[in-house]
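There are two complexes below, and they share chain A, which is joined by chain B in the first and by chain C in the second.
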Partner chain A sequence: MSAPILSVRDLATSFFTRRGEVQAVRGVSFDVRQGEILGLVGESGSGKSITCMSVLRLLKAGGRIKSGSATFEGTDILSLDEDALSDLRGNRIGVIFQDPMTSLNPTLTVGDQVMEAVRRHRKASAAEARARAIELFELVRIPSAAKRLNSYPHEFSGGMRQRVMIAIALACDPKLLIADEPTTALDVTIQRQILALLKDLQRRLGMSVILITHDLGVIAEVTDRVLVLYGGLVMETAPVRDLFARPAHPYTVGLLGAVPDLRDDTHKRLTPIPGSPPNMLSPPPGCPFTPRCPHAMAQCMAALPPLFGAAHQSRCWLQHPDAPKVDAIHEVAA
Partner chain B sequence: MLTYILNRLGMMLVTLWAIVTLTFFLMHAVPGGPFVSERMLAPEIAAALNAKYGLNLPIWEQYLNYLGRILTFDLGPSFKYPGVSINSMIAAGLPVTLQTGLLAVICVVALGVPLGVIAALNRNRWPDTTVMFIATLGVAIPSYVIATVSIYVFALRLGWVPTFGLDDWRGYFLPVFALSGFWISFVSRLTRSSLLETLDQDYMTTARAKGLRKGQILIKHGLRNSLLPVVTVLGPVVANLITGSFVIEQIFALPGIGRQFVLSITNRDYTAIMGITIFYAAVLMLMILIVDLLYVWLDPRIKLTKATA
Partner chain C sequence: MRQPLLQLRDLHKHFHLPTAPFAAKPVLRAVDGVDLDLMKGETLGLVGESGCGKSTLARTVIRLHEPTSGSILFDGQEVVKAPERQLSSFRRRVQMIFQDPYASLNPRMSVGDLIAEPLEIAGIGTAAERRKKVASLLDRVGLPSDSAQRFAHEFSGGQRQRIGIARAIALEPDLVICDEPISALDVSVQAQVVNMLEDLQADLGLTYLFITHDLSMVRHISDRIGVMYLGKIVELATSADLYHRPSHPYTRALLSAIPVPDPEAARAVEPMQGEIPSPIDIPSGCRFRTRCPLATELCARVEPQLTDIGGGHLAACHFAGELAQQANGVTSPTKERTQ
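Let's look at the complex of A and B:
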């Protein structure tokens, strides 16, 4: 197994607001290996986007990284100065955002927006940048690439705009691509096309991808390994097949129970997870999932469980050797 | 593009005609006339004067005569100053007004926009609060107060600049300052709020994620998108400043057209009122047209259509 391209350790990020400190990420560690697609899954507010935006230090106003490290190709990104960091962004690490409708500048042509990324990181003439932009548009399968360079974002559909975003992210052949809910804002049919494109590009270019999503279907389809986040913590991490076959955390089990299965025609009702995510202004000292967990014990309230396991890790006291045996934990809710 | 501009110019003529008509009849509806003064004229002289200037004709005939004349770009003779035509009156006053006005416009753009940018980039820190404090004062204090106080301080007390007139280049400082003070404040506040809104947009994060340099992000992605509302107000502001201000021209004794306009109203100098009104309206409409054309350049989502104004 190759060495990780990105190593995040004990990352903690908070937003300082008028109402207090919102502890969005509370000590997240993970590795991204060469050429793998790592899925980050969780509800809104679980800290999945903030984790990745912290790695790139692209937090919105009020956000601050409190501790931790993020080592990318041997350098700690979190200790780089702004100049060195901007040399990495868009060059070694590309990013795709959720909403292609708002992520492109409405007043510049899409070609310009691709070319400025090329020219920022490569000593390229205008003509070379243009040629590269055409190449990128062809790569992300935008028809009549050369002609579309001069179009403005509003002249594109949502799916086409997301292709432009991908072209920008890939402008300088990044080693790592961070895709923050790249298909959430798109129609279902377009979602599939974009996912297939991402997966195909990842294979052909041999890059690593962090895919952030709340959609378990997307996770199952394209990722190699999964990180389940909840309340700013990693709850479970496992290779994707393992996660779906043997979920080892009640939260993951709950998530899987809330997904409809089209192959199932028994008209089983979906099982939502009762309750709502924790208030991150004052997160509980114990496991943040305790109030919603069907297996909650006194211990869960008292102390935060560590991550148990090796390749398949779960932050649940049930995994403790002395824990009572619960038969149903792997059962995707009744 | 060209058809659009021609269309707009056509519309402007129609609008001008409406303004001419309205002003003409409103003006004649006001009691008094150019030859009414405390010292009564002999009825024969008054009748002769009225006949000379065509004021004895029925009002609709006067109106048609006037329309016919302005079609040849002749704004007529002044009723108050014998031998002076309105064309020459505007030609004499305009350079003065234009000079101070354009300098004021330059100040508004060159100070208002950067101050707003500095404030936005330092949101809630001291540069922001300082700029916004001064800008609030600038918006609140009327120009004649700025003018008189600055004459007292800079001309009378410190003696740095003359109290009136434009004979010396230093004479421009105070009138330009008094003219532009309000608009600098206004534009800096507008730039600040507009830029803050833009900085919060998703595409600004995209620009940062591309690794672009700070200056490039600010100017190429930030400023351009936040200048739209600023350009919108700049059109009327430019029209306003280059057509002069009665108060400022009066205080600094500048022989501009702003002053002439107000004097012509009290004098009932019919042709002067008409001429300067037409001139002001034309400048304003031209500025608005330029703003509309600038929109298209700034924001490609805005399309020019034949359906106009």
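Let's look at the complex of A and C:
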């Protein structure tokens, strides 16, 4: 197994607001291996975006990394100064955000913006930067690349803008690409094109990718390994096939049951997860899923369960050797 | 045989875009000739990509937009040219649930006032009776009874959507138009709202026009589904039939693009190329031909009409018959599994 390219350990990030401390991320650990697509899935407020924004040190005002470490190719990201950080961001780590319209500057041509990304980190003449920009546009399959460099973002459709964003993110051959809900704002046919493009690029360029999404379908289609986040914690982590075949956490099982199966003709009633996600101003001391969990026990309220298992891990007391057996929840191997 | 509640005939909604003085105004054909019968008590799903005109269609049906031409019959009554004062019964009987539960509720009104507002406008009951009605509506949509004194911002997205639903059913409407009612909600909460909509329909005999881009959810909730592309319905069938026997190449492309939450499921090999053309400049002949893998010279010349290919399954494609036969031979691509 290849060494991890990014190692995050016990990351905790909070936002300090007028109403108090919002504990967005409460001790998240994971590795991203060379050449893999790691999926981060969870609902709004689960901490999936904040985890990645912490790794990039791009937290909004009021946000602070309280503890933990993030090591990228041997460098401790959390101790870097601004200069070193900006060398890392956009150069060795590329980022794509959800909304391609607000991420692009409307007053500059897309070509200028791609060339800016190239020249920000590489010594390149204007002509070289332009050649690289055309190459990048061809890479992300924007038709008539050379001509389209002179267009402004508003002249592009949502899908094409997201291609421009990907071109910018790839400008300096990053080792790691962080894609935060890259297809959420797009139509399903365009989503399919962008996902296929991302997967193809990842293979051809040998990059690692962190894909953040709330869509289990997207997770199933493109990722190799998955972290399921809830209440600022990793609830379950597994290779993608394992996660769907043998879900080992009641939250994962709940999520899978809440989406209709396209292949089902019987019109089975959906099984929603009752209640709503925890308030991160005062997260419960035990497992944050307890109030919504069909299998909740006294122990769940009392203490936060550790992550049980090895390759497939689950943060659930049901995985404890002495816990009662529940049919719907698969056991993880130690 | 169920009676049609809403009948749309050749409905058009065009927008004239602003332009330079003296230049011809470009016309955006958002809804470009829609025929549709909505039966009493059914759920008709309307799907399509952004810009296909599904939301404009909904807004035109409730006359938030004045239609450019065509006819809207509600319970046999023409709605289009009717003067506003004759519309009061129509306005009571047709309600809408909006997509964004954050933007569609007035932040300065208490939840009780929000839900009582439609009753007040319709002049129903005394203040005390309305308060009672609000309490029963809150209970109906599963919100605590003390919600009436609180404000929308105190509620989560899913709860706000419940408030929106309580407002929509306050006047006991016949038709509820749901414009992307669950798109802004988290997965675990979506299922709560969908189940509630189904319960309300069963209890109150509602008819739903359910607009969404979520093809899995629409399959789940709809009796029949219409697929829209560039202002027109290109395929219309019962939801099982549409998914098993998609007979328009656009429907096929849409269905094969849905991400299936199963890593073992077979994937479509090639994603559909290109993007939806501008509704200002609709292609000649078949409007899908610029993205269609089957397009021929015929498609550029002749616009295919929505025709019955058997069992009330309508499709607007010159090759619909062949596609339907093909689909009969093999199961849909998402049904197959890799070894």
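The rule is short, and it goes like this: the second predicted complex is superposed on the first by the 329 of 334 C-alpha atoms of A that agree within 3 Å, B and C clash if a C-alpha of one lies under 4 Å from a C-alpha of the other, contacts with A are read in each partner's own complex, and residues count from 1 in each chain.
Here is the rule we go by: contacts are C-beta pairs under 8 Å (C-beta built on N, C-alpha and C of every residue); 3 or more make two chains touch, one makes a residue touch a chain.
None of the values given here were measured: they were computed from a predicted structure.
*Asks:* Looking at the superposed three-chain arrangement on chain A, would you call chain B and chain C a clash or a fit?
*Replies:* Result for chain B and chain C: fit.
*Asks:* Name the contact category of A:Gly254: first (chain B only), second (chain C only), both, or neither.
*Replies:* second
*Asks:* Determine, under the contact definition given at the top, whether A:Ala296 touches first (chain B), second (chain C), both, or neither.
*Replies:* neither
*Asks:* What's your read, chain B or chain C touching more residues of chain A?
*Replies:* Comparing touch counts on chain A for chain B and chain C gives C.
*Asks:* Using the superposition on chain A described above, determine whether A:Ile219 touches chain B (first), chain C (second), both, or neither.
*Replies:* second
*Asks:* In the overlay, answer first, second, both or neither for which of chain B and chain C A:Ala124 touches.
*Replies:* neither
*Asks:* Kindly classify A:Leu270 by the partners it touches after superposition: chain B alone (first), chain C alone (second), both, or neither?
*Replies:* second
*Asks:* Quick one: classify A:Asp87 as touching chain B (first), chain C (second), both or neither.
*Replies:* Only chain B; A:Asp87 stays clear of chain C.
*Asks:* Answer with first, second, both or neither: which of chain B and chain C does A:His154 touch in the superposed model?
*Replies:* first
*Asks:* Between chain B and chain C, what is the shortest CA distance in the superposition, whole Å?
*Replies:* It is 5 Å, taken between the nearest C-alpha atoms.
*Asks:* Going by the contact definition given at the top, which residues of chain A touch chain B in one complex and chain C in the other?
*Replies:* Residues common to the chain A contacts of chain C and of chain B do not exist here, since the sets are disjoint.
*Asks:* Where on chain A is chain C touching in the complex?
*Replies:* On the chain A side, the touching residues are 43-44, 157-160, 187-193, 195-196, 214-221, 240-241, 244-245, 254-263, 265, 267, 269-274, 276-277, 292.
*Asks:* Please name which positions on chain C make contact with chain A in the complex.
*Replies:* Answer in residue numbers: 49-50, 156, 158-159, 186-192, 194-195, 198, 213, 215-217, 219-220, 240, 243, 253-254, 256-265, 267-268, 271-273, 275-276, 334-335.
*Asks:* Contact residues on chain B for chain A in the complex?
*Replies:* Where chain B meets chain A, its residues are 200-203, 205-214, 216, 220-221, 224-225, 298-301.
*Asks:* Considering the complex alone, what residue numbers of chain A touch chain B?
*Replies:* 56, 58, 60-61, 82, 86-91, 94-95, 97, 99, 102-109, 116-117, 120-121, 152, 154, 165, 168-169, 171
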